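Chain nomenclature is as follows: A, B, C, D and E, assigned in order of appearance, with residue numbering initiated at 1 for each chain independently.
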């Protein structure tokens, strides 16, 4: 499995390693604002535990519709993603290969 | 083969590994809006199966004419690209080398 | 430990390797403006010794809310981060793996 | 040889591996608009053969004066670069090392 | 030594490998406009010999205060940096590790 992509919808908590085929070290490289008419900012937030979070990107409709990222996660990092705002954020990336294999 | 480049035209589905010389792990790094006068946004969409897609980039004529990407695909990922909008998107990138060879 | 993220608050000096689990070579890849209403610029500054500093990024509220970075630090670099301005900066990144392990 | 840089002037075709010391896999990472007063867009175009080309970046004077790229070329790719527009484009990058050596 | 950072002041020529601890292959990843009130553009220029130069980035006060780069230099490249304009440019990056060591 090379490519990885998910949609983080508002008011949902998303775990990046949810799919059974999601294994290894994940690199997330792009965030795109999902469809919708709200002009409100959408912020991607990453919780490393229930009380502690850090912002990963800010998307502003019609101004910053996409944002390149460079983030890597291990399966045991136990992070969750959520969106602050009313539009979804589409994330894409890929699983890193070990020693040139995928 | 190092360099890789294709044009994704509106209303066409494009498979990244179409050419016989397209082998190995492909890294796509840039999207550029093709020529045209429409000022409508062009969105690059990636289908991982017929019902499930994720947005990969959004280009806005005269505002965001290009977008850097970092995406990797294996031949067995079976993805297809298409454009939402009326202008084409030019994609470029390269095939990753195994152990320093191309 | 893969993912790394901290908040650099105004008037605080932050050491990147403060947590006991923070070990190895750290790669910082994203800076995001924290919440707040001030429209003043926030500049991330890195001190390599008490008299010598270099700017690492400039964030402007509602214009440049995020900035991608590519910085690497060793534990013995002994740098400290601080913010010029009145809003915090959220930094994220990851620890580099040795030989494919995390 | 690490660093690589050339200027692609309007109405000229440029071959990236022209210099005798230009050997190995070349990575191009930045495009900058050259000096001049024309406000016309400058597009960097890459020909993989005389009839087939793809856009690599679009620069707009006073709006997008520079653009980061991530492109890799092998000597046997036989590509040529040209500019659509009336200002030159300065390209920079470096030769990739084999196995950690430069 | 991991982190590397310098300030390129107007009318000064700067050699990237000036410090005795500056050894190995240097990767420069970020340029930031230094403090000042001039609204004039600042261009980072790289001389590969006294007559030949290429632009590496263009910074525009209050519009493009920072620019990400990806440039690599070997000690024997013998390049010098200078700024066209009246404000300084802060450069940051790091020394590449050989085989996972720093």
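Note that contacts are C-beta pairs under 8 Å (C-beta built on N, C-alpha and C of every residue); 3 or more make two chains touch, one makes a residue touch a chain.
Just so you know, these numbers come straight off a predicted model, no measurement behind them.
Novice: Going by the touch criterion stated earlier, list every chain that contacts chain A and also contacts chain E.
Specialist: In this structure, the chains that contact chain E and also chain A are C.
Novice: Pretend chain B isn't there and tell me which chains still hang together through touching.
Specialist: Ignoring chain B, the remaining chains still form one piece.
Novice: Let me have the rounded angstrom distance from the C-alpha centre of chain A over to the C-alpha centre of chain C, please.
Specialist: Inter-chain centre distance comes to 20 Å.
Novice: What is the distance, in whole Å, between the centres of chain A and chain D, each centre taken as the mean of its C-alpha atoms?
Specialist: 32
Novice: Using the touch rule from the top of the page, what residues of chain C touch 2 or more other chains?
Specialist: Residues 68, 70.
Novice: Which word fits the touch map of the chains here: line, ring, star, complete or other?
Specialist: Per interface graph, the chains form a ring.
Novice: Going round the ring from chain A and on to chain B first, in what order do the chains come?
Specialist: A, B, D, E, C
Novice: Mind pulling up the chain B residues that touch chain A in the complex?
Specialist: Spelled out, the residues of chain B in touch with chain A are 25, 41, 43, 46, 48, 54-58, 60, 64, 67-74, 76-77, 79, 98-99.
Novice: If we count contacts the way the header does, which residues on chain E are in touch with chain C in the complex?
Specialist: 1-3, 5-7, 27, 29-30, 32-34, 62, 65-66, 68, 70, 90-94, 97, 100, 102
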